[in-house]
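Naming follows writing order (A, B, C and D), and every chain is counted from residue 1.
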Amino acid sequence: YGKNTIKFLRLHKEGKKQFVKEVEVCAHLRLTSPQEYLEGNNSLVIPTDTIKNIVLVLAKKNGISSLEQFAIDICNHFMTTFCQVAYVKAYVQEVPWQRLHEDGVPHIHSFICVPDGIRFCEAEQCRNGPLIVFAGIKDLKLMKTTQSGFEGFYKNEHTTLPERHDRILCGEFFCKWSYGECKDFDFNCIWKKIRECILEAFAGPPDCGEYSPSYQKTVNCIQMLVLSRVPQVQVIEVVLNNTFYNVVDMKNLGLTNDKEVLVPVETPYGSCTCTLGRKTFFEA
Amino acid sequence: YGKNTIKFLRLHKEGKKQFVKEVEVCAHLRLTSPQEYLEGNNSLVIPTDTIKNIVLVLAKKNGISSLEQFAIDICNHFMTTFCQVAYVKAYVQEVPWQRLHEDGVPHIHSFICVPDGIRFCEAEQCRNGPLIVFAGIKDLKLMKTTQSGFEGFYKNEHTTLPERHDRILCGEFFCKWSYGECKDFDFNCIWKKIRECILEAFAGPPDCGEYSPSYQKTVNCIQMLVLSRVPQVQVIEVVLNNTFYNVVDMKNLGLTNDKEVLVPVETPYGSCTCTLGRKTFFEA
Amino acid sequence: YGKNTIKFLRLHKEGKKQFVKEVEVCAHLRLTSPQEYLEGNNSLVIPTDTIKNIVLVLAKKNGISSLEQFAIDICNHFMTTFCQVAYVKAYVQEVPWQRLHEDGVPHIHSFICVPDGIRFCEAEQCRNGPLIVFAGIKDLKLMKTTQSGFEGFYKNEHTTLPERHDRILCGEFFCKWSYGECKDFDFNCIWKKIRECILEAFAGPPDCGEYSPSYQKTVNCIQMLVLSRVPQVQVIEVVLNNTFYNVVDMKNLGLTNDKEVLVPVETPYGSCTCTLGRKTFFEA
Amino acid sequence: YGKNTIKFLRLHKEGKKQFVKEVEVCAHLRLTSPQEYLEGNNSLVIPTDTIKNIVLVLAKKNGISSLEQFAIDICNHFMTTFCQVAYVKAYVQEVPWQRLHEDGVPHIHSFICVPDGIRFCEAEQCRNGPLIVFAGIKDLKLMKTTQSGFEGFYKNEHTTLPERHDRILCGEFFCKWSYGECKDFDFNCIWKKIRECILEAFAGPPDCGEYSPSYQKTVNCIQMLVLSRVPQVQVIEVVLNNTFYNVVDMKNLGLTNDKEVLVPVETPYGSCTCTLGRKTFFEA
């Protein structure tokens, strides 16, 4: 079992207008025989350097119309070219370059990096098995300053947490979903739609929001909305790494702090994870 | 000489609409006597814990109308309250929370973190000296995919770099400027204007861009534009940490790569720095 | 499914001599019912804050005789105290404080952080299932400057890597093994013995070393030596994240570089992973 | 003003025994004219790529007998070769590879990375000025579990910190010193001696330690000991980034915690800095 990581830039032009994708590709291979581990026989080993060359050649020849299509291309290439490959996985992640605008006018060749959630995907295949495609967003940081609480939890002699009905809900999201049978999906369009679902389910209606009784319920709301709005999604996993904030007690300093000044609690920090599919739910 | 760092959230409401600032404050103090170092006499030392309390109390009482005003408030407090303080510097940096929008409608209490350039400022004062205010932007990553070259440089027997008239210009910018006499500046408005100048000078006109003969010249263009457009700026320093990209040579792989696939060169990486003022220039 | 991370220091004294363990504990819990996700019903949820309290109380009461025993204590506590817990995993990692010595004399209360491989362990249990204990070392960086090559690998039209019989072997190791039925093991002693096996298998005899035909074979040698020397180990997984170094071509600079100056190749980097058990091998 | 960073490995053999230095070199240059910034005239610019070549050639030709000598070599080369260079600084930092030992026997070609304090140095020179050499250690983490307090500090209405006479003293040290006129110093030997002084002054006698009334006093003790024991040192700067630990209050949990369990306080964290010379002290 081996993997390796390659970073590169893919440029293309339409007329004078320039387009850019900067990606990080990680290819995992497992061979049909472990002879290189057991016997030091390298005759079936595909060197990291060769894998790099193949990924760059595919990028040159096919371009990167979507991360997902590029990951599919990589899987197909390894499966059809190397009979010693038993399993291949291609992970592709994008550097979030966005076109610059001046007074609303898009610039033909200048870009700014805007990391407000990183897009990634994975394609994987076992020999004689189906090709499965996942996509996702990570490092997405969101905050609600109200409409969040945590009450009615289990209590015993080790409980010191007070119940709260107006706390900050803040954290970093990792969301990953699988597509079913991949017909000619418009992966770019679907990804944007799912991102909007995540933001909408997190925030609730813009004029009033929606009360969250726990991190867990917010995770579930996101999953339910994505599954209801996007039929191509089969299963969706959401991990939420919480950041807790405490209202600073200013009594000793002669002041009343009405949820105006809060400090982050760096330890403990927690996370909650849930995976939700179409017919049966299961927690991972 | 001591410093410390405090992170916190400052919330406020206007009607039902919520506003949030998350900041990291670093306060540096130097005392008039080094007796705590030499004699272990702590009687003049202001503990880190007290500094934290003061910063939080100022945030509670004054709010954070702008990073710069908050830094000024901190300096003023330490200078007027503690006669043993010889020098104070307050550095304030913002977590880039932006209000979420759904279909163009701003959300009343939900935010997303968008780190496309981090805003910071510094205020510093020596006892009996003027209060000086700096502001800046850091971690701003920009790329031009064309209209950049590097030719006519100094050559000798150690030179292996070829001349290039169509390379990628990419890097991370750190820009820091000082304001002169601080009358009632609208710091938020000026900061936005300077950010726009930086982007415009980097990119050039949206329909055609502007040729950059070197990283150094691009740094200078940014400085010149800011100084010409924003009279409140006295001196501006720009540091550009370059990322180099090499066109992959695909001859061995039987392909012609017409600047379509490039790989980042991780080492050596370089940076160039220039500080430009109003009447005399000087390099730092 | 939820987890959280707690960092703390555990001190104890024997006479005037002080001992310290600084650990990071990550507890994962899965409950028998997902009602907090689906219904927002928190009545079975054990808050992060309570988990933190329990871990700190166990550290206070039991001390940390070994990381493994502490992880076992945590699992036992959650399984016996909370009937709503379906699964528990405790990960414990150590900050590598070592006692300072002056001229060979150990200091009674001063320590230095020496991160030459981080010790960690995991204990996990499903309700009604056995308690399984893993231990490991991570962030262990090793280098052999000779006695390493890579030849006879698979070649096709995308191959550009030359064969090499004298390259640098360098990388970061992650090793994790499971213990079988945990009788009264001396976990501290076994861990030290396994660390020595890893170093010995990597390096070979001190006077001449041992030739490595590939990263994969070196991984296998480590696994074979650990399994043969340490009967308590059932299965061992090794991940090696390679760092490649290229000999700098100095022909253009008029010099012959006889493997004296090398530069790291930052991308692509690779890793290889193998899991080896007692009777059947399987790659993961 | 420009700088760049180069990482490489320098190997050499004595008989069959192999030696390795892995270093990161950062060269800073300032030219006599800023014409490349103002006019886009590159004719005096020495490209990053050329600087890299020079550093690698010097490493190949001279080897790296000590970091300091290598930094001096770089300065000398740039000053004597390029008349357009007005100022040069070479920073050199070492990756802490240590030879592996098996049962006390040193291995001829295997190494382990042991980052318990990173060695670095700097040499700098202005045209027509003296060459100045600095050396230092950074990322050195030390802890005393007792014999440390903080009492008698300044108090006012914002003070909430209690006085403590038995706290943890823990932090990360950065120490940098300058050598006077550099005659034929044995830089490797002096560096080791200074490292020992730092540890000894921090810890005190091994059987009982020495009470520290503040972080500041400990910083001063280190400086005093280095200056008194090592005549080659002219000025020494020490920065201590503190980590604070709080004893966990377990009253609510029905337990008495006699400084047995402590948690790190991540914010605020502080640092103290002092620079001490031979005749006059001054704080920076």
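Keep this in mind: contacts are C-beta pairs under 8 Å (C-beta built on N, C-alpha and C of every residue); 3 or more make two chains touch, one makes a residue touch a chain.
On a predicted model such as this, the values are computed, not experimentally measured, just so you know.
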item: Mutual neighbours - chains that touch chain A and chain C alike; value: B, D
item: Most distant chain from chain D, judged by the mean position of its C-alpha atoms; value: A
item: Higher-contact pair (C-beta pairs counted), A-D versus B-D; value: B-D
item: Between chain D and chain B, distance of the C-alpha-averaged centres to the nearest whole Å; value: 26
item: Separation of chain A from chain D, taking each centre as the mean of its C-alpha atoms, in whole Å; value: 39
item: Per-residue multi-chain contacts in chain B, two or more chains; value: 6-7, 53, 57, 158, 160, 253, 263-264, 267
item: Category of the chain touch graph - line, ring, star, complete, other; value: complete
item: Of chain A, residues touching chain C in the complex; value: 1-7, 30, 34, 36-38, 40-54, 57, 81-82, 84, 150-156, 158-161, 213-214, 216-217, 219-220, 242, 244, 267-274, 281, 283-284
item: In the complex, chain D residues that touch chain A; value: 157-158, 160, 252-254, 263-264, 266-267
item: Complex contact set, residues of chain C against chain D; value: 6-12, 16, 18, 20, 53, 56-57, 59-61, 97, 100-102, 105-117, 140-147, 168, 199-200, 202-209, 245, 248, 250, 253, 255, 257, 259-264
